[in-house]
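Two complexes are shown next, each including chain A; its partner changes from chain B in the first to chain C in the second.
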Partner chain A sequence: MDFVLNFPFFSIMICMLAALSTFMLGRRAAAVVAKLALLITLVLSVILTVYLHGTGESFVYMMGHFPAPWGNEIRAGELEGVMAIFTCVIALLSLIAGKYSIRTEIDDTKQNLYYLITCLMEASLLALIYTNDIFTGYVFIEINTIAGCGLIMIRNTGRSIAAAIRYMVVSLVGSGLFLIGTTLLYSITGHLLMQNINESVAALAADGSYSVTLTIITALMTVGLAIKSGLFPFHLWIPDAYAISVTPSSAMLSGMVSKGYIFLLIKLIYRVIGFDVYSSTGVFDLIFIAGIIAMIMGSVAAIRSGYLRRMTAYSSVSQIGYIFMGIGIANSAGAVAAIFHIITHGLTKSLLFIAASSFTGRKEDIRVSDLKGLGHKYPVSAATFTAAALSIIGFPLFAGFIAKMLLANASFDCGWRMYAAIGAIAVSTILNVVYFFKCIINLYAFGGFEEEKKDTEGSTAEETADESVKATACVDNEDRPTKYENALHGICAAVLAIINLYIGLAPGLLSDIITKGLNVF
Partner chain B sequence: MFEQIYNHFNDIVAAILFVIGFSNLLFQKNLIKKIIGLNIMDVAIYLLLASQGYISGRLAPILTDGSENATTYINPIPSGLVLTGIVVSVSVTALMLSMTIRLYRKYRTLDLDEILVKVRKEKEDKGEG
Partner chain C sequence: MADFNPKEKKILYRAFRITAAILIVMLAAALIFCMFDLPGLFSPDHPGENIVAERYIESGIEETGAVNFVAGMILDYRAFDTFGESNVLFAATICVMVLLLVQDQSKSRVRRKRSKKNGTVNSDQTTVSESQTSFEQLPESKAYYEDLRDEREIEPRLIKNDVILKTIAKFAVPFILMFGVYVILNGHLSPGGGFSGGAIVGSGFILASVAFGFDKMERFLNRKSAGIITFVSLLVYCLAKSYSFFTGANHLESGIPLGTPGAILSSGLILILNICVGFVVACTMYSFFSLMRRGKI
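Our next item is the complex of A and B:
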């Protein structure tokens, strides 16, 4: 056995061990350990993906000493490798770019715990990506939920805890449904490994026995995962959770946390229940319609919100809708488009939150109209924000355009789904243009700069009192980003924008890997 | 019909408990009652899971001086899963309770609706989204 095949296991364990060790370290050491662990994981994932791209096959890795029907397994192919790279990149860049945000907005003694949560989050996501056992999937879903809750409430204000508790309640309903689905699936198949369940389910479906039970199981597990990833009727926790938490949290939550569940759903469709059985239950229609409604409603809510980060959070609701619509098209091209969009949206949305952090400063959120002229003050952030916004809109040159095109292409020859999908993409794109162009135009507008300066620096009550006092207070270096932090922030944003542009200009490699990966899934 | 109910007694009780827990988790305003609902829901799932592995008339799968023949024992895997599930449920409950304590200290109420109203007020006072 090649040594490379150990890498999925290693990357999960490295993140876990880093999480454990940050508990005992000071904040600076914890930051170094966490970033180092993420970097090592990234390198391992890249090597693994290159190797698997060469062989073009996926492999099963036995955990412990018990063979297939009893033991626990990890399974990895190109697709899993790409997803692992994607989560590592987002986690690493969010942490580096959010250095200032972490330093100023989190209590000094709690900062090492933030790195603990991040490593735990990454470990649980990697486990969700690699696992071949449905119950292990459930356990890591819960770890992911707890880590996500930590990411939301780390600011430790009343609002963030209230947002976290709402997130927990909704998430726990979702995981309850997933667990009961798993239990029923175990009771009719007698297996927990995905491969064995798939064989049993195929045999049951051929018999025609337990068809009602299978439909219920599929619906329960799908709805459970949809609730956790924030699909339309269950999206109410998203805006608070994303808009209130600190910048790296928002970037990670929107970029990769909700995507882990969607990846598990794709696994459920292709590897556990099996595509044919899944489509015979009619759950695809449910996902498709919910996705379409989410695309429109998310954008409408974003237009109505009027606040920068809250708007971006609502935009996530609509983009999750795109992904679910892609899955709901119910063919492999749709799934490829959905996975492609998972990656592009993750890169884009985390970039939006990272770039928005320099406009909001230390405030939780600002009005879109208050952005006036800020583009001249923060040129790098404004440029990357514009790039990300254009990518979300689906402007050619950017990755978002390719994702939308793949989604539209996948829906051809699918009857009523084609009209619904293309219509919804068109309407949603126009709505996206409405709210993102408002931001971009405000960013590059002249005038209003002076007022804005007042608003961003300190509370409104103090400002009117004395300008000069405030001006001296602002020089206080503790509260302002250092040059080093600014540079790191700019570099991370630029890297994300360049990756986005690269995928937009040369989408062949990524879509090729996803297509081939899905074939050997 | 009564025989059916008798045969599936555990499953039926689990289903009823699940619905009770689920609706309490979703619709109770009081945070403590929500958490109790969560626990009832989890217990219902564990009951269902444990009863899948139980085979009437067989023993717990512990080798002491009994036979080594597998047919004398029940299926141990669901019991293992229940244990794992209990650990998960305990940690989630602890997290929820700790957040409830924090919210209670800050807003002096356990009613989630009231808390959200106060949070919104706080937001408007600050003039932030």
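Our next item is the complex of A and C:
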């Protein structure tokens, strides 16, 4: 066995070990350890993906001394490798770019816990991506949920705790439904390993026995995962959770956490229940319709919200709708488009949150109308924000355009689905333009920023005599981002924007890997 | 969010309730239908009676060395899942700490700034509360209590412990702890194991802290020692299992003796893992209680 094949296991364990050691470290050492672990994981995932792209095959890896139906195992192919790279990139860049946010928003004594939660989150996401056993999937869903709560409430204000509680309640309902589905599936198949379940389910479907139960199981598990990833009727936890948490949390939650569940859903469709059985249950129509409604309603809510980060969060709802619509098209091209959009949207949305953090500063959120002129004050953030917004809109040259084109292409020859999908993409794109162009125009407008500057100058000139004000000014100075932090923030945003542009200009490699990976899935 | 007048609100609430009730009834009906459709639990053709269960029962003892099949299953055959489960506990502890840990105000920059904004700077407060050791010395001024950000800081000291509770705890706690240790150590021989034994030990700690106060518990189980115990246990678990996974996947001999089934020193790693899990669970239980009671471990 090649040594490279150990890498999925190594990356999970490295993240776990990093999580454990940050528990005992101070905040600076914890930051270094967490970033180092994520970097090592990233390198390992890249090597693994290159290797698997060369061989074009997938493999299973025994976790322990006992082979699959008895012991646990994990499985990796190109697709899993790409997803692992994607989660590592987002986690690493969010942590680095959010250095200032973490320093000022989180209590000093709890900062190492933040890095710990991030590492646990990354480990559980990797396990969700690589798992080949549905119960292992459930266990790591639990870690993911709990870590997600931690990411939201680390800010420790009343509103963030309320958002975390809402997230926890909704998310636990999702886990519960998934668990019920898993137990029922075990009762009728007697297996937990994905491959064995798939074979038994195919046999049961051929017999015609348990057909209603199978439909109920499929619906329960799909709805459970849809709740956890925030599909339309279950999206109400999203705006609070994304808009109130600290910047790296928002970037990670929107970029990779909800996407992990969607990837598990795709695994469920293709590897557990089986595509044919799944499409015979009619759940695809449910997903498709929910996705279409989400695309429209999410955009409408984003237009109405009026606050920058809240708007971005609602935009996430609509983009998750795109992904579910892609799955709901019910062919392999649709699944490829959906996975492509998982990656592009993850990269884009985390970039939006990271760029927005320089406009909001230490405030929780900012009105879109208050953005006036900030583009001249923060040129890098404004440029990357504009790039990300254009990508979400689907402007050519950017990755979002390719994703939307793949989605539209996949829906051809699908009867009523074609009209619905293309119509919804058109309407949703126009709505996206409405709310993102409002931001971009405001960012580059003249006038607002100068007035504000005059105001602050005037007020400080008046009060310089007061000593206490001097003291607070000193503290405020300490709380401004240092040059180093600003540079890191800019570099991370630029890297994300460049990746986005690269995928937009040369989408061949990524879509090729996804198509091939899905074939050996 | 749109504003509604009270009448509209009432209608909306009613509609919401009715929809929720309909959904729940539908879910319940679907699940009840499934229940009747499922194969009977003890029928010989139950799908669960397959090669997987067969091997667990027939060769479980010789392959894992554990007389208790369940311990062999969760800690050897499916150890990765159990590793995940113990990390669920770890994650839960961390999240409770994030939520409930009371900050030392002198150390925390963020907190200090916030209180400055509110106009209440209480610099001498931490020194006062540190000097408090017993119930009698509490200052009686009302302002002192209002200054405390968190009532959990003061509350545990206000309770005068009951004599009956103290006396019973004095007898019960040693037996509870001993029973918990027994369940942990015999996890591979009899029903029980790290999770259940750890819960027993943890409840013993909780009873002791309720009866004798946190100050006495802190002598051996404080934030530092609980942290070290959790860290070391999980680290040992992680490294031991990593070794076992790595050797297993690469088809190497692990070189861990299984011993004779039934002896206390048998079943390879299972005993060590049970002890680790027991430590983690006991510390988790106690720290949950302590964090909720007074905001620190």
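Here is the rule we go by: the second predicted complex is superposed on the first by the 494 of 521 C-alpha atoms of A that agree within 3 Å, B and C clash if a C-alpha of one lies under 4 Å from a C-alpha of the other, contacts with A are read in each partner's own complex, and residues count from 1 in each chain.
Everything below uses one rule, namely that a residue touches a chain if its C-beta (ideal position, glycine included) is under 8 Å from a C-beta of that chain, and two chains touch if they have at least 3 such contacts.
Bear in mind that the values here come from a model prediction, so they are computed numbers and not experimental data.
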Item to complete: Could you look at A:Cys149 and tell me whether it touches chain B, chain C, both or neither (first, second, both, neither)?
Response: both
Practice prompt. Would you check which partner chain A:Ser187 touches, where first means chain B only, second means chain C only, and both and neither mean what they say?
Written response: both
Worksheet item: Given the touch rule stated above, what does A:Val212 touch, chain B (first), chain C (second), both, or neither?
Response: second
Practice prompt. Using the superposition on chain A described above, determine whether A:Ile161 touches chain B (first), chain C (second), both, or neither.
Written response: both
Practice prompt. Give the label of whichever partner, chain B or chain C, reaches more residues of chain A.
Written response: C
Worksheet item: For A:Glu80, is the partner it touches chain B (first), chain C (second), both, or none of the two (neither)?
Response: neither
Item to complete: Could you look at A:Val139 and tell me whether it touches chain B, chain C, both or neither (first, second, both, neither)?
Response: both
Discussion item. So chain A touches chain B in one structure and chain C in the other; where do those two contact lists coincide?
Written reply: 135, 139, 142, 146, 149, 153, 156, 161, 180, 186-187
Discussion item. List the residues on chain A that touch chain C in their complex, please.
Written reply: 1, 6, 9, 13, 16-17, 19-20, 23-24, 61-66, 69-72, 74, 104-110, 113, 116-117, 120, 123-124, 127, 133, 135-136, 139-140, 142-143, 146-147, 149-150, 153-154, 156, 161, 180, 184, 186-191, 200, 210, 212-213, 216-217, 472, 475, 479
Discussion item. Using the touch definition from the top, list the residues of chain B that touch chain A in their complex.
Written reply: 18, 21-22, 25-26, 31, 34, 38, 41-42, 45, 48-49, 52, 77-78, 81, 84-85, 88, 91-92, 95-96, 99-100, 102-103, 106-107, 112, 115-116, 118-119, 122-123, 127-129
Discussion item. Give the list of chain A residues in touch with chain B in this complex.
Written reply: 135, 139, 142, 145-146, 149, 153, 156, 158-159, 161-162, 164-166, 168-169, 172-173, 176, 179-180, 183, 186-187, 192, 243, 305-310, 363-367, 460
Worksheet item: Given the complex with chain A, which residues does chain C contribute to the contact?
Response: 30-31, 33-34, 37-39, 46-52, 55-56, 63, 76-81, 84-85, 87-88, 90-92, 94-95, 97-99, 101, 103-104, 107-111, 113, 116, 227-228, 230-231, 234-235, 238, 242, 244-251, 254
